[in-house]
Amino acid sequence: MNEPQLRKLLEQVRTGRTTVAAALKKLGHLPFESLDFATVDHHRSLRCGFPEVIYCPGKTTPQVLAIAGKLLARKGNLLATRAEPALYRAFKKKYPKAKYEKLARAITVRQVRARPSTHTVAIVSAGTSDLPVAEEARVTAEIMDQRTQTFYDVGVAGIHRLLAHAEALREAKVVVVVAGMEGALASVVGGLVEVPVVAVPTSVGYGASFGGLAPLLTMLNSCAAGVSVVNIDNGFAGGYIAARINRLAEG
Amino acid sequence: MNEPQLRKLLEQVRTGRTTVAAALKKLGHLPFESLDFATVDHHRSLRCGFPEVIYCPGKTTPQVLAIAGKLLARKGNLLATRAEPALYRAFKKKYPKAKYEKLARAITVRQVRARPSTHTVAIVSAGTSDLPVAEEARVTAEIMDQRTQTFYDVGVAGIHRLLAHAEALREAKVVVVVAGMEGALASVVGGLVEVPVVAVPTSVGYGASFGGLAPLLTMLNSCAAGVSVVNIDNGFAGGYIAARINRLAEG
Amino acid sequence: MNEPQLRKLLEQVRTGRTTVAAALKKLGHLPFESLDFATVDHHRSLRCGFPEVIYCPGKTTPQVLAIAGKLLARKGNLLATRAEPALYRAFKKKYPKAKYEKLARAITVRQVRARPSTHTVAIVSAGTSDLPVAEEARVTAEIMDQRTQTFYDVGVAGIHRLLAHAEALREAKVVVVVAGMEGALASVVGGLVEVPVVAVPTSVGYGASFGGLAPLLTMLNSCAAGVSVVNIDNGFAGGYIAARINRLAEG
Amino acid sequence: MNEPQLRKLLEQVRTGRTTVAAALKKLGHLPFESLDFATVDHHRSLRCGFPEVIYCPGKTTPQVLAIAGKLLARKGNLLATRAEPALYRAFKKKYPKAKYEKLARAITVRQVRARPSTHTVAIVSAGTSDLPVAEEARVTAEIMDQRTQTFYDVGVAGIHRLLAHAEALREAKVVVVVAGMEGALASVVGGLVEVPVVAVPTSVGYGASFGGLAPLLTMLNSCAAGVSVVNIDNGFAGGYIAARINRLAEG
Amino acid sequence: MNEPQLRKLLEQVRTGRTTVAAALKKLGHLPFESLDFATVDHHRSLRCGFPEVIYCPGKTTPQVLAIAGKLLARKGNLLATRAEPALYRAFKKKYPKAKYEKLARAITVRQVRARPSTHTVAIVSAGTSDLPVAEEARVTAEIMDQRTQTFYDVGVAGIHRLLAHAEALREAKVVVVVAGMEGALASVVGGLVEVPVVAVPTSVGYGASFGGLAPLLTMLNSCAAGVSVVNIDNGFAGGYIAARINRLAEG
Amino acid sequence: MNEPQLRKLLEQVRTGRTTVAAALKKLGHLPFESLDFATVDHHRSLRCGFPEVIYCPGKTTPQVLAIAGKLLARKGNLLATRAEPALYRAFKKKYPKAKYEKLARAITVRQVRARPSTHTVAIVSAGTSDLPVAEEARVTAEIMDQRTQTFYDVGVAGIHRLLAHAEALREAKVVVVVAGMEGALASVVGGLVEVPVVAVPTSVGYGASFGGLAPLLTMLNSCAAGVSVVNIDNGFAGGYIAARINRLAEG
Amino acid sequence: MNEPQLRKLLEQVRTGRTTVAAALKKLGHLPFESLDFATVDHHRSLRCGFPEVIYCPGKTTPQVLAIAGKLLARKGNLLATRAEPALYRAFKKKYPKAKYEKLARAITVRQVRARPSTHTVAIVSAGTSDLPVAEEARVTAEIMDQRTQTFYDVGVAGIHRLLAHAEALREAKVVVVVAGMEGALASVVGGLVEVPVVAVPTSVGYGASFGGLAPLLTMLNSCAAGVSVVNIDNGFAGGYIAARINRLAEG
Amino acid sequence: MNEPQLRKLLEQVRTGRTTVAAALKKLGHLPFESLDFATVDHHRSLRCGFPEVIYCPGKTTPQVLAIAGKLLARKGNLLATRAEPALYRAFKKKYPKAKYEKLARAITVRQVRARPSTHTVAIVSAGTSDLPVAEEARVTAEIMDQRTQTFYDVGVAGIHRLLAHAEALREAKVVVVVAGMEGALASVVGGLVEVPVVAVPTSVGYGASFGGLAPLLTMLNSCAAGVSVVNIDNGFAGGYIAARINRLAEG
């Protein structure tokens, strides 16, 4: 809406040709409509269909509890990632509905329960040491009401382990691939399926992994064109994006 | 199918309890069913709904023409990326149907025309210098029969330029964000929409961009959780993944 | 302005208690006031006191000329950075007022002439090879109507060369330090003056400069606390920030 | 050669006890000999309007206390950064006027109180985890007698949170932007204001942040030209430079 | 085996021209013959002549014990690398045959004893601090039934220490070189012998070793052409590859 | 040989108990036996079974021709790598026996012909653009009298292409894997065979390949333990090491 | 304040035309004011015994000629490094005494000839491709009147080539080691001699040399403690430092 | 000595024209003369005038004590670097002559006392936090019988602190500069003196120091040509090289 249009609208209000309500609605389509009269997080909740997640590291327990309190008051579900057991214990005491996904180091609070998705998010991981990240992806997708299926410990050093699941994999609408070491699994999976693959590099590995740089680069350079990548060890992002994609497939 | 099962199946064939055709079909469900009796690329075509793309750099003109010939013989569409004008001229001479997307440096040959998608792939770019990469994404998505809408030159230094399009952006089912310099556009877009965002860093920028490393890291570290990333300057991957996602949304 | 306030304002317009002009002005204070009714660049021009600059690399000559045409139509001054001589010749033909700063590789067009600043932007450079970047900073500051004083070739290997100018340096309100090699000049200058120092690393140097990474890190790690840093070889940013600061000092 | 010695030499010249040639030779040992009549730190204090700050890491508690003692003897204010609580307790015991800014991990001792600045240093931060760095910037600016205003937790993933403060932000004379993750906030703020922006990257983030490298590169590559950058997690530098700039604006 | 061939084979089974056993054998040559009817690790054992190794970091003690249990049930030998003493104590309690190689931090269980190899794997290390990695290589090669000879503490700073062993070194069929610091030992050894050299960089060193990056690059750039490289500190890989090569030499 | 032994030997020569010839032979076993009386390259030829190779870049044509002349005078075979066509033409004029492997950019001169090896060096490459490096490996192995078999264009994006050759691959005694992009092929091959795998990363790829860093790290971090790695694009090293290994297998 | 001015001021004090207080105030602007009576370069010449060298890259031919003119006017010797042949031709025309060291790409002009040093600077290089850098070191040391001895093409892959020269090497008072590839030569030489070793890494090598980073790190991490390092390809620095050291040895 | 010469020598021994002793002496000049009949470390001691130093990290206390025992048996002096206090206490118990340099974390044992050097090694450091490294350099030079003079806390942010010592600095024959943060001190010192400067970067600093990478690159890129560099935090190397150089100056 440019200045002349705005001026015209105001004139119409002034002269009664447009009601205040109609003008309000028109102005409401501006990107900033709710800047002040909605709280920040509620706004995101409306927009993205999921409440803001709490990333726990660097926050004190009281800070986490306070943020959780505000979010839970809105009656949505909650996910707190990278939560240490001690934090969970304090959390559980205050919010008894909280559950702890130990391997994923995630706290979830489910206050509403949607119909689970028809389609499936597949979560594939290379080695046992990648499980915490893979589980974070799974927990994230599930708290977003997506059905998941996991294929763990199917790294490429024994390619037959993966191929044995090829058919099952192809039934998913989106695949999250979690792999450390050299991260080659993402490329191989990317060549087997025709749906989007979200690759999550992990920091698991010997020295020249450089904290996950190796699988990160591997995945970014994947010769299989359907692979996109998120941050190192960021299982949450992997699960979150997969959930967004699967929801689209749901229609 | 394990050994006893395989043995049993063969016994059934031997004794006539199973026909050869049925046995063949059962064996065909194995991951390797078509290893030899399908050519490599045809196989991929069946699997992924799109013929293999030709990445031209490092290939001679005769090599590209030969590969193109094989692919075109199967009557599908073709995309050759990073094609120099000289290569295009040789291509056009041999395959008169070829078209050249100059900015995207892409050759396309359209032999079949599907119904365009209902939903839209939005392609957003930060600056004029990012256009070749953004256009490569657009051309890729379109040859894959996806409808696109472009939002060019809406970098974050003038955030209002982007916000002016927020509503339109939110109508897309997937957004490709192409940005060099610091690549912050991906995060801002990621905060505005609730669909998957595929971020493509470009090598556009001053020295400390380090050939696109800066926007690559920016995008991988995006605080907006719906953002996944592909390789530097890889507009093809951005468009390809977006097409995969949009096709899912199509149902 | 939140929804109730907006509703109230519209009511006042409707009932005539507020004029359209007054309402328009009030709405104009919103961050988005001019999203559509001003062109992008004009908006920036209003906001920052300087028209958008054209960064030439990666743009074709026709693109540069077209953008320049739009910008010049608004009667402000223009700066086109990293312009090759050939580009300048085409530019000059179309816009005869254009001048070329050869060393800085910058085209300037001056259509308005403000009173030059009282205070001075000092521009200090380490070696002869750093001159293109230093000159880009100077040209930028000057087209922004700031007075400049240059101190060239005063690298730290002969510290007395710099110290000889210490008094003059201290009269500036802001100092731009341009240095390649090891970039130590920024720290020494930072220790000599009490005004802000904007450091610009350059890519001048032997192998382990790694394209300017060495002076960049040097400057970021400066033990002199008043030093902030911009991108490698980005003389424009150095001059631009210094001009912003000097303008503040102007009152 | 300190001041009394220099005075004495000149007296000897005046009274003929030393020849001009002999004096010339003695003075020829300059430029560095005449520094003794100011102690190192006092000298800086005179020159820059603020006593040297104590950076605590790597110093023992007795070392910090001893340095503090010398500095406080000159009756100025004192700032000790990155001070652990244990260090503060020892400090407080010896210098009871000391105060501890817990979040900023900073000790301040205020012995003189100047009239606070008219203008404001705005301090903007992206996330809760960035607070320690943002607070270090705030404490630094305030001990330098600058008025500050903070805008915390306004990261770009929810751009409306930032835009809601755009008007207030534009009233500051300088803005410090503190952000980890991808650091995109600096660019967006840089596009909203017309004053200098000092960007402070933080080490907050997932793996591919590489200890703050990601936001550092983001900020250095900012497409918003008014942004300069300091070291990772260096809130002190951010606050210090902002104070220098704001002081200039004060006139 | 392509589809017509497969169809033909099945027809032959059906008509009795081929027995089930023969068909089974033919199908067994497919890469995937045993995907399901052999457990993953057994399969590898068959294929590579050595059971899967347990890499302990990132696995809990119960996980390690469980995996070990499965592997030992197949009556092969076992190697668990990077095992802390505490893990070993739990291991020993459950599997009394286990032995601990303290310096190598490796647990071995020997259930079968093959005839040791005729030829020798030489293991050369540069300094005392490289011993853990060198020992891991030695233990790995030995549990794979290869004879080893060690040459420790023969770094290039005193080249005569190495040369004194040149003749002995030349009798090995493969040499593992373990070196931190600058890793130059690999090149010197590579110039002395005519057999393959497997270089293992270690993270031993001062700051600019960057966790082993320095010797890694050294070894990759070796001017002695017979040198190939494995990951930093990965003594296991060094020993494993050397064992593979030595086994080939065995005939 | 230590001092007393040396003294004893000399005494024996003096007293006639040892002939000069015998003494000479004994001294010849010292590592330094031939330091001066053999030319450098002849020495290497004796030691390693292959004359020194000429690495052409950075050498002038006359330098290459001169070195080649000296080497050819000894009647062995010759390999000149990275030779431009122009260099080859000059070479051919002077040494008519020279042949040019165009794709590999290698000149070979065969003056002696050994019985080719019984066993095979397999050379596997991922994509068409990797061919020059793969061919350099092949040419190197062949001039060293090893039989080779090539498996080109079998990248992991279509894993079936590789698996179709699994049986053939397993017949080789050593496998060279050449791959750019993400380099995952090495891990997959490493999981399929039980012989040593020498991985050669190539610089083929988009931006975040960083000149081959990506596949280099991938290969170093391979979860398949039999993989060792050589320098980026160093097909020569790959072929050379494979030849060394294959020769061992030959017995 | 230059020397005549200082002399004049002292005269005025002596004769009473200036008071001590006034003189003190004028001098109080030191420490840096009194530098003008020496030109920058002349000052360095006095201080370091050698005129400033001209580093040619990034300087235009006229700039080089002008600087050379000023320097030559002082009757000392001159060294211009990294001079292209075209630059030399222009140089020679203007300064006929100039000589060109082709391999070193250096122009020298000798106007004074000192007695050559008694002691020797040894210059050792690894391969033929390292010669330009080694020669730059040699030319630099010689124009500084130091005697040199070169040991070229003695890389560690054939360690005997180096050892054959060990005795000669030990007669030098300082050794410059120039090496690319993996740079191991510096460590081996460092272990052979008891004098300082100055290591110069070169950018010669395959991909993972990363433009000389590999030998740079190798040399910095040298286990031979007498090795210090200069920048990649910086033969000038190597020769210059060696000359400084050798001059000390000269007494 | 080549083969004919060796043969000739043996003939002379045989015929009595050369005595065994003379032959032995001649052969003793070979590089390998003492390979076996001297222990490794004694050899180095003879060659370099100083016993091997013990680098303690990564060695167990018993290992350190054992190595020390062997070294001390030869009656030379000893230096053990990076020794924790606990290690020192065990050391002291066994070798009561041991002294501990606390700040330098070094153990020294002095068994012989040479006449201290006439000339001086200057050791300059930038900040208090750099002291441990500077002290390691000092202790190293002193145990090698070199006279030292320290100039601590003279960083470039207050350049006058350094300049005040310029004259004293110029009396040294070699200068060790120890600096973290941005490491600019090396360049400034390099410009002030005409003797060799050995620069030691330290890991002291904020985030973008990247563990000392910043000052390392600074020093390698120093525009002052007399500066060579050792590893990060390697005060030992700095002191060792300086001692070697100073010893040369001693004549």
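Here the chain labels run A, B, C, D, E, F, G and H in written order, and each chain numbers its own residues starting at 1.
Just so it is clear, contacts are C-beta pairs under 8 Å (C-beta built on N, C-alpha and C of every residue); 3 or more make two chains touch, one makes a residue touch a chain.
Please read all numbers here as calculations on a predicted model, not as lab measurements.
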Note = Neighbour overlap between chain D and chain F returns A, B, G, H
Request  = Tell me, please, which of B-E, D-H or E-F gives a repeat of the A-C interface, judged by over half of the contact pairs matching in residue number.
outcome  = B-E
Inquiry  = Looking only at residue numbers at the chain F/chain G interface, is the share used by both copies over half or under half? Answer same or different.
reply    = different
Query = Compared with chain C, which chain's mean CA position is the farthest off?
reply = E
Key: Whole-Å separation of chain centres (CA-atom averages), chain G against chain H   = 24
Remark   = In whole angstrom, the CA-centroid distance of chain A from chain F equals 49
Request  = Please work out the Cα centroid separation of chain A and chain E, and write it as a whole number of Å.
outcome  = 39
Key: Touching two or more other chains - residues of chain G   = 31-33, 35, 44, 158, 163-164, 192, 205-206, 208-210, 213, 216, 220-221, 225, 231-232
Inquiry  = Under the stated touch criterion, can you name all the chain pairs that qualify?
reply    = A-B, A-C, A-D, A-E, A-F, B-C, B-D, B-E, B-F, C-D, C-G, C-H, D-G, D-H, E-F, E-G, E-H, F-G, F-H, G-H
Message = Taking the touch rule as given, give the residues of chain A at its contact with chain C in the complex, in rising order.
response = 1-7, 10-11, 13-14, 16, 20, 23-24, 27, 30-37
Ask   = In the complex formed with chain F, which residues of chain B make contact?
value = 32, 34-36, 40, 43-44, 55, 57-59, 63, 67, 201, 203, 211-213, 216, 231-234
Chain B partner contacts - residues on chain A that touch it in the complex = 29, 31-32, 44, 47-49, 53, 163-164, 166-167, 173-174, 192, 194-196, 198, 216, 220-221, 225-232, 236-237, 240-241, 244-245, 248-249, 251
Remark   = Counting only contacts in the complex, chain A reaches chain F at residues 126-127, 155-159, 163, 181-184, 187-188, 190-192, 205-206, 208-210, 213-215, 217-225
Query = In the complex of these two chains, what residues of chain G are touching chain F?
reply = 128-129, 158, 160-161, 163-164, 204-210
